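Here's a structure for you.
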Amino acid sequence: MDSKQKRALIARRIAQELSDGDVVNLGIGLPTMVSNFIPPGVNITLQSENGFVGLGPTPAPGEEDPCLVNAGGQPVTILPGGAFFDSAESFAIIRGGHVDVTVLGALEVDAEGNLANWMVPGKMVPGMGGAMDLVVGAKRVIVATLHVTKDGEPKLLKKCRLPLTAAAEVDLVVTDMGVFEIKDGQMIIVEKNPEFTIEEIQVATEAELVVSPQLRDMDVSGL
Amino acid sequence: MDSKQKRALIARRIAQELSDGDVVNLGIGLPTMVSNFIPPGVNITLQSENGFVGLGPTPAPGEEDPCLVNAGGQPVTILPGGAFFDSAESFAIIRGGHVDVTVLGALEVDAEGNLANWMVPGKMVPGMGGAMDLVVGAKRVIVATLHVTKDGEPKLLKKCRLPLTAAAEVDLVVTDMGVFEIKDGQMIIVEKNPEFTIEEIQVATEAELVVSPQLRDMDVSGL
Amino acid sequence: MPKIMSQKEVIGLVKDGSSVMIGGFMTCGTPCGLVEELAGSGAKDLTIICNDTGLMGDGIGMLISTDAVQHLIASHIGTNPETGQKMIDGKIQVELVPQGTLAERIRCAGAGLGGVLTPTGVGTVVAEGKEEIHVDGRTYLLEKPLHADFALIKAWKADRKGNLIYRKSARNFNPLMAMAADCVIAEVEEIVEVGEIGPDEVVTPGIFISYLTRRSN
Amino acid sequence: MPKIMSQKEVIGLVKDGSSVMIGGFMTCGTPCGLVEELAGSGAKDLTIICNDTGLMGDGIGMLISTDAVQHLIASHIGTNPETGQKMIDGKIQVELVPQGTLAERIRCAGAGLGGVLTPTGVGTVVAEGKEEIHVDGRTYLLEKPLHADFALIKAWKADRKGNLIYRKSARNFNPLMAMAADCVIAEVEEIVEVGEIGPDEVVTPGIFISYLTRRSN
């Protein structure tokens, strides 16, 4: 699988986690791709933390409105039935549990559900933006990440080493190697990419994996 | 002076305290009468704690709108340039110091600036409504009250005996006998009704009055 | 998308002993159809969170008259002598809350905050039993969130996604309560198609609304 | 009534060392005319409170480029590498605040609250040096108000009383900052007569606004 296929696999699998009527916040990058794979018959509402619900697709060239951007500052559209609000209300929605699912990337995630995705000391300190509120506030937190770093190092750890975004909030991790539930301090593999054995996945994972009795293969067709 | 004249005297005198541009909240009853005496050239904005600024006069009969009432539930109007908001924003305005002056009635007020105007234990417990927030939040708190109770008992006390609305927040008390500044635990009479001597006013007042060196007569003409 | 239901049907969801927020100030902005239906349903042992109990037998006063209320959290009960009487008689347990504090406590629940520090009530009976916290030399009371099982709110118009706009001073507590309950039922005068309320006009986004209902005639 | 002033004149009020809130998210909803004027004025030692520092040399980035900022309170600086570099070089002291916490802290100042309890940041570096308060078994951080000498905000339209409406996602922090500063300067695209913005449409009431200004051409 090339990088593009891996990312599509992750985004498509996460889209299966969404239910009709869900309010969903998708982080920048890979998480945003989830919206391309929403199953037919599932209507979700996308929340954009800079101040609206009803986030729509990228506008056609020339149709951009500088007053309508997503949380990455990129031009977007709003769907009929959407609504604008200020930043306090936007984060009241997020912190108050009115977002059903948030999907975010990770630098590191661990078996306790800790997530680190906002800074690397001495290197990159972009700031947490809305990530800390999203991870604490959303009803369900799904991490979308490639299984290992560019250097081949595990990202699914026993214990995060980087400064945390939030402690013990992650519910599910989806990578190109599998789907991992975080429960009671355990990282449980519930689906695996059929291209790999459990042993191969464990080698690429620092956290000790628990294999679900219901372990299934991920659908990797047609990527 | 009859009761009507006394009330007009108090309301008219308080109106002199208002400056052009002030945002003002007037309590139910006597405080509401202040708006009848605003000096020419002074434009104030009235705030209604149930959710708007730009409170206007009572509508003509037949013009009442059940969706437009004041904090007493009575039909009112809104002036051009007014704005509606929810209760959290209304009290953000009040608590946040965006109301320049609030005028309220009193059961008791004392030399420390304590005010009691919301309940009489074992008797009347209507609730504090917005009064506690108004007294704490407004930049300037003016009490409008007849000098004595129906039974002739003083209302300007050494120390309030009834449950307080707020502690040490009152700036000025205007009664039918005089105008009293509250400062550093003292009740300073700065104007007096010329119909009374200082001695007569002191007899009707439990708090010990300090007479201002700039003591003047209240204007009692044309009531 | 909220379900559109009759008032009778939707009030059937409210079980005895539930906590119920009800919007409005006096009767302005009170969902009087829902309140009437709730009073008529014979509901009992409710915890009601509202600004005031309206007038005797009118607005939220209907629920006082039918003895539906066990516990009342409000800022003002003076306009309904029946509430005061039932409080004195020990039939209703009343917690009086300053109006601005009531608004913030409801907002806290909706916004996922654990509480706010307010200067309101310091040095008064409102402070009794509450934690005092000092910030930069000033004393505040720690006021905790108020959440409910149900919120009954009133709006002017809704679109089919539940986006709401309000009329004039009938807005008051309604937008706050729309965020602070598990099940939010909005009584509206009109239900319009999606797109008829512009996204800049919406006051309460539809994501908060569970049910839409119009007053039965 | 707010005074209507030129951008140059109104920025003249901002003295070196002032604290200044600036609305916007990236450059969307940022009062770029006022920011450009402030950067061009040679202002120094400012404390800037904002969501982010825009792009290099664009939006609030202009103030970073001119070394106007001594202290920065923001949620995100990653889109402007110059901010990160000046932070590493010790030229700017940066306090990073979660975006929702930033919004609430500004709101607290505007609403006269002494702080809020938020679950955001518990167990992270954001919790360092902050009081932890437990409410009903959950841990919260006490986050304190953020007030400023000035707020520079951007709206779409104002009427002559200063009532404001915003366009789309350009609303963001602007209505919050309008309540949290001693002097509030609103850059607007259009100033209309009183009555042209209906009282139900107003997002920010004019009572908060000190000055109205349009972007100089």
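Think of it as A, B, C and D in the order they're written, each chain with its own count starting at 1.
Here is the rule we go by: contacts are C-beta pairs under 8 Å (C-beta built on N, C-alpha and C of every residue); 3 or more make two chains touch, one makes a residue touch a chain.
For clarity, every value in this text was computed on a predicted model and none was experimentally measured.
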So which chain is farthest from subunit C, going by the mean of the CA atoms in each chain?
-> A
When B-D and A-D are ranked by contacting C-beta pairs, first place goes to A-D
In whole angstrom, how far does the Cα centroid of subunit A sit from the Cα centroid of subunit B?
-> 56
Express in whole angstrom the distance between the two chain centres, defined as the mean CA positions of subunit A and subunit C.
-> 35
Here the gap between subunit A and subunit D, centre to centre from mean Cα coordinates and rounded to Å, is 29
For subunit C, residues contacting two or more additional chains | 104, 107, 111-113, 118-119, 166-168, 199-200
For subunit B, jot down the residues that touch at least 2 other chains.
-> 52, 78, 84-85, 88, 91, 94-95, 136-137
Give every touching pair of chains, nothing left out.
-> A-C, A-D, B-C, B-D, C-D
Residues of subunit D touching subunit C in the complex | 104, 108, 111-119, 133, 135-136, 138, 140, 142, 144, 165-168, 199-201
Under the touch definition given earlier, write down the residues of subunit B that touch subunit C in their complex.
-> 48-52, 65-69, 71, 73, 78, 84-88, 90-91, 94-95, 114, 124-133, 136-137, 163-168
Could you please specify the touching residues of subunit C with respect to subunit A in the complex?
-> 1, 107, 109-113, 159-161, 163, 179, 194-195, 199-200, 202, 205-208
Okay, in this complex, where on subunit A does subunit C touch?
-> 21, 23, 43, 45, 47, 52-54, 78, 80-85, 88, 91-98, 136-137
Taking the complex as given, what residues does subunit D use to touch subunit A?
-> 25-29, 51-52, 74-79, 84, 87, 96, 98-104, 106-107, 118-126, 156, 166-176, 203
